[in-house]
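Labels A, B, C and D are assigned to the chains in the order they are written; within every chain, residues are numbered from 1.
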Amino acid sequence: MYRPSSDMLLLAILRCLALIAVAIVLLIVVFLLIESLPAVRSVGMLRFFGDASWHPAGGAEAGRFNLTPMLIGTVAAAAGAVLLAVPLGMGSALFCRFYAPRRIGGVYRRLVELLAGIPSVVYGFWGLMVLAPLIRQWQPPGQSLLAGILILTIMILPTVALLSESSLRSVPRSYLDGASALGLSRWSTIRGVALPAAWGGIFTAVLLATGRAIGETMAVLMVAGNVVQTPASIFEPVRTLTANIALELGYAMEHHRSALFVSGLVLMVMIVVIVSLASWINRGRVHV
Amino acid sequence: MTRSNLQITTPSDVSAGEVARAVTGASAEDAAKAEHLGVAASDRAPCCMDREPVVCTEHLTVQYGGQTAMRDVTMPIYRGCITGIVGPSGCGKSTFLNCLNRMTDMTEGCRVSGRVLIDGGDINHGTVNLLALRRRVGMIFQKPNPFPLSIRKNLTFPLKEHGVRSGSQRESLMTTALQQVGLWEEVKDRLDAPALGLSGGQQQRLCLARALVLEPDVVLLDEPCSALDPIASGVVEDLIDSLRGRYTVIIVTHNLAHARRLADDVAVFWLEEGAGTVIERGPAEQVFTAPRHPATAAYVEGRRG
Amino acid sequence: MRVIRSMLGLALLLNLLVIAACGDGATGGEGEVQGRLIVTGSSTVAPLVGEIARRFEQKHPGVRIDVQAGGSSQAVADVQRGTAGLGMISRSLAESERHLDATTIARDGIVLIVHRDNPIDALSDEQVVDIFTGRVRNWKDAGGDDGRITVVNKADGRATLAIFLDHYELQSRDIKPGVVIGDNQQGIRTVAGDPHAISYVSIGTATFEASRGTAIRMPRIDGQEPTLEAVHRGEYALARPLNLITHGSRSALAEAFIAFASSPEVHDLVEAQYFVPAVE
Amino acid sequence: MSDVKSSQPAWMSNRHFDWPDRLATVLVWLVAISIVAIFVWIVGDLVRHGVPHLSVSFLFEAPRDAGRAGGVGPILVSTGLILGVCLAVSIPVGVGTAMLLAEFTRRGGGFGLLVRRSLDVLAGVPSIVFGLFGNALFVIYLGMGFSILAGGLTLACMVLPILIRSTEEGFRAVPDDYRRAAAALGLTRSAALWQILLPAATPGLIVGLVLGIGRALAETAALLFTSGYVDRMPESVLDSGRALSIHIYDLAMNVPGGDGNAYASALVLIVLLLAINGLTFWLADRWLGRRITPQ
């Protein structure tokens, strides 16, 4: 096929620009690897999961490098938040789509969009000023896994709600008409027809929200207490992998710094798994 | 078919006097016609001969956001008969159908005035259990719309929601319904396959089975064959024909040949002053062979519409 | 192949950016110093150096000094990498850091802080160790009111933590914290917000905050009054020097600033921040 | 009327009570009400504590006494500069990539797939990992130090997926007729792109931009270790500059008595974001006739 030279030039330029996105991903991985290499080499990958504790300041010899409590903290906080946010977010989506009178539904949706736009540092600030003291009155010290879960729930709820709603919105009208013509109640229609039809989109929403919960830093850093431990109850403080990096990177040197990049690598792996899962579920669609 | 019979089944004299008159008037007229056409009609469906109105509309008017779409339709529909609703597109045929099971509720800004009486009860009355009403009045849409579930679940799920607790009972009802629409042999080995994998004609028959499994009295069909190829369309048509007598069938179609083959009664909708209304109704033979309204005559002869 | 080539292109582009970026670095003029100096490091020292820098800039209009609080370890890392011209550390140089040059600009001590409403007036060394290692979990057992103790500890890598551990001959892992924080200020903030919390911070910071009405108190430790006078007299056990550090040869600007920061010209600033001026 | 009742069909009485349906309705309304309540609680709290500290001078003054007093003038400037760097880099890259994805790659093509997968991953990378990356690459390896430049570049990597996705949708929304008409006129594809498709896809680009700006404004973790937190008026993009979100973080966590100004700064940030959010949906409704869902 004939192609004018200006087209070839344009295509070449666009390809280069598009490769930047690929290059950034590669660079992220490469830099995480390069920076974590010293620790992996002299500490060994096993010690990141088998050491007695996390006290990395002592260097490769005296230091301890166990990331497991923070991994558990991350998973516990994210899982708790997802468990709470999914029913709430779906409820919110159902409200918008099926229950709210039209005008209220529109206003409500705008409100959820605003919630989605509030920065995490503001949520964290609110959690620090309001939520943690509330929990402290009940179960000290207040800054705890529970506070982290609640703040994360509020943060990922709009994601679940908005994505589920757009998924419900794409359920063909004919299914809903068919269900009402059969005399099915609103709830039966939702449970039996709308939710099964929207399942793929909702599941993707949940995965993306999980990714967000795992990756969230500031809000958790501000309310979760940041003690490196495997929490025995939700009232105990925890530190997540992300909070660990934010808390210690500025002060970290050599192996300590390197160990933080290892935790970054662990985070990255978790996210890639989730993103792949999401795009695998969505392989029919263009975008996740 | 007697007058006293009618007296019992029509609603209270107080509120539905006019309907009673309309019904009586129509039925007297129809009775004459029925006698006139006697043999043919009774061959097709003896049940239809009772001329007992099940559904009556009374000055039914529908507005969408202030725009009148259908005006002043007063019409009885008889038990066990197949009533064809014909007319050019956009003259309120589907709107009329949607009034009969209150699907109009689903449309934003839709206002219905006048009354729809089914078995003498006003379906727009405040205490109506809408779900029970819609179970009683089944509906089939223009485009087949099976749920994105398995074939089995498409039938058992509505049953379950309507309180059929026993699984085995649901299974047997499902089997019967599928046999009734002639789908059983085709799908019995893949009941758990997705319903959306069926062909268009099969999907439409599944939808019919889904409606019939709830044992409705009235079945509303909104151009059920228009989205199907001729062969599938023929199968569905035969199926509808077989419903005569057992169900009261109201079918919207713009296919006149179709209406002529199927319907016992026909109502012709026409656009008058920007809104659809009934310009002629009566036994199919009469409407098609001896139309009284000039527009009907032009329409059935294919000159207009 | 195409991928590699465009990655090279990207790298080249970024390098060009950096070369452009490095163009207007600090330049030392004759006589009058000018240019830009980046100072990073200890959050304890940062407010003081910030004040000194402001005064220094007033005297030398061509100079801009950016002070950034991170931590003592960051100071060491930054001056070694050259990301900062000057580092601030709130401790002496460690054995492994002897290749750096340090100049003491002030002295400071570390105190325990509790909430203002906490009646505890004094703690013995044993009690401090017991509380921080989790052997004592209720204020009742340390002579206070009933209430679960919230131990507020510093994250690994903080100089204050190192000095605290050193003094009590503890290992970082022995401490059983209820909350882990980063900066001094964060410690003060956490304690001021929790009636049952205890932490340790710089005397200077704590005294400064207490004087502005923040809800904290400083109990005596093992009979020692936690005051600046005690640090001044050299009697306070948990004392430490605040140093400015450099790596390799100092620029004229850095030299001038260090000289200024350790001169009596800034003693009023040191005292205003509740530190003890370095003895000449 | 009594005879109406006696002859009434079964479906006329609404005595049947559908428990699951009622329960679901109550629950769904409860969820919606509690979400509204949480929103009102959070925003109300911010407004109640923030407004007393807010004034016109707050927006222009420099922070004093570690931010307890004074305003956020230099911080707004730094935030603006970081955003500027971020957009200056991400717009050309984003538009180019979107153009390639929408106009030059087949859906299932290998190259397009590679780019798309990369963007998916990039969209999921936690901001703190961007912080690590930016710190290692821009701050240290490329020697930019803690600077507005380093922060802006890090943010550019972050907003790239949002920008590309939205711009690509913009291109896809352009009817195929335009392309065919251009081809029929014998235009080169580049000419068609510049003259016809790009203007037609601008709404998508603008919506993406506004979403990206929203994300960048809200970001904290990626900037902590890249742009630093010097709260003075920056003189060039090579100076360290404190973004508004970092200012809130610092006041909230590290400055006893900084609550008041933290509330006020949070309020300023929220108002900025609301303005941008409102703009997004106004633009989307107006130009695209559809709604864009932020993630």
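As a convention for this text, contacts are C-beta pairs under 8 Å (C-beta built on N, C-alpha and C of every residue); 3 or more make two chains touch, one makes a residue touch a chain.
Just so it is clear, the model here is predicted, and its values are computed rather than measured.
S.K.: Using mean Cα positions as chain centres, tell me which chain lies farthest from subunit A.
M.R.: B
S.K.: Can you tell me which chain pair comes out on top for contact count?
M.R.: Most contacting pair of chains: A-D.
S.K.: Could you state the distance in Å from the CA-based centre of subunit C to that of subunit D?
M.R.: 36
S.K.: Per the centroid of Cα atoms for each chain, what is the distance between subunit B and subunit D, given in Å?
M.R.: Comparing mean C-alpha positions, subunit D is 52 Å from subunit B.
S.K.: CA centre of subunit A versus CA centre of subunit D: separation in Å?
M.R.: 16
S.K.: At which residue positions does subunit D touch at least two other chains?
M.R.: 18, 253
S.K.: Multi-chain contacts only, two chains or more: what residues does subunit C have there?
M.R.: Correct list: 182.
S.K.: Touching two or more other chains, which residues of subunit B qualify?
M.R.: Residues 131-133, 135-136 of subunit B touch two or more partner chains.
S.K.: What pairs of chains are touching here?
M.R.: Pairs of chains that touch one another: A-B, A-C, A-D, B-D, C-D.
S.K.: Taking the complex as given, what residues does subunit A use to touch subunit B?
M.R.: 102, 172, 174-185, 188, 192-193, 196-197
S.K.: Which of the residues in subunit C end up touching subunit D in this complex?
M.R.: 14-15, 17-18, 21-22, 24, 38, 40, 43, 47, 64, 66-69, 81-84, 182-183, 185-186, 188-189, 192, 209, 212-214
S.K.: Across the complex, what residues on subunit D touch subunit A?
M.R.: Those residues of subunit D that touch subunit A are 18, 20-21, 23-25, 27-32, 34-36, 38-39, 41-42, 45-46, 92-93, 96-97, 99-101, 104, 107, 111, 114-115, 117-133, 135-137, 141, 157, 160-161, 164-165, 188-191, 193, 214, 217-221, 224-225, 245-246, 248-249, 252-253, 259, 262-263, 266, 269-270, 273-274, 276-277, 281, 291, 293-295.
S.K.: Going by the contact rule set out above, which residues of subunit D touch subunit C in the complex?
M.R.: Subunit D residues touching subunit C: 66, 139-140, 142-147, 149, 228-230, 232, 235-236, 238-240, 253-257.
S.K.: Provide the residue numbers of subunit D that touch subunit B in the complex, in ascending order.
M.R.: Those in contact with subunit B are residues 1, 3-4, 7-16, 18.
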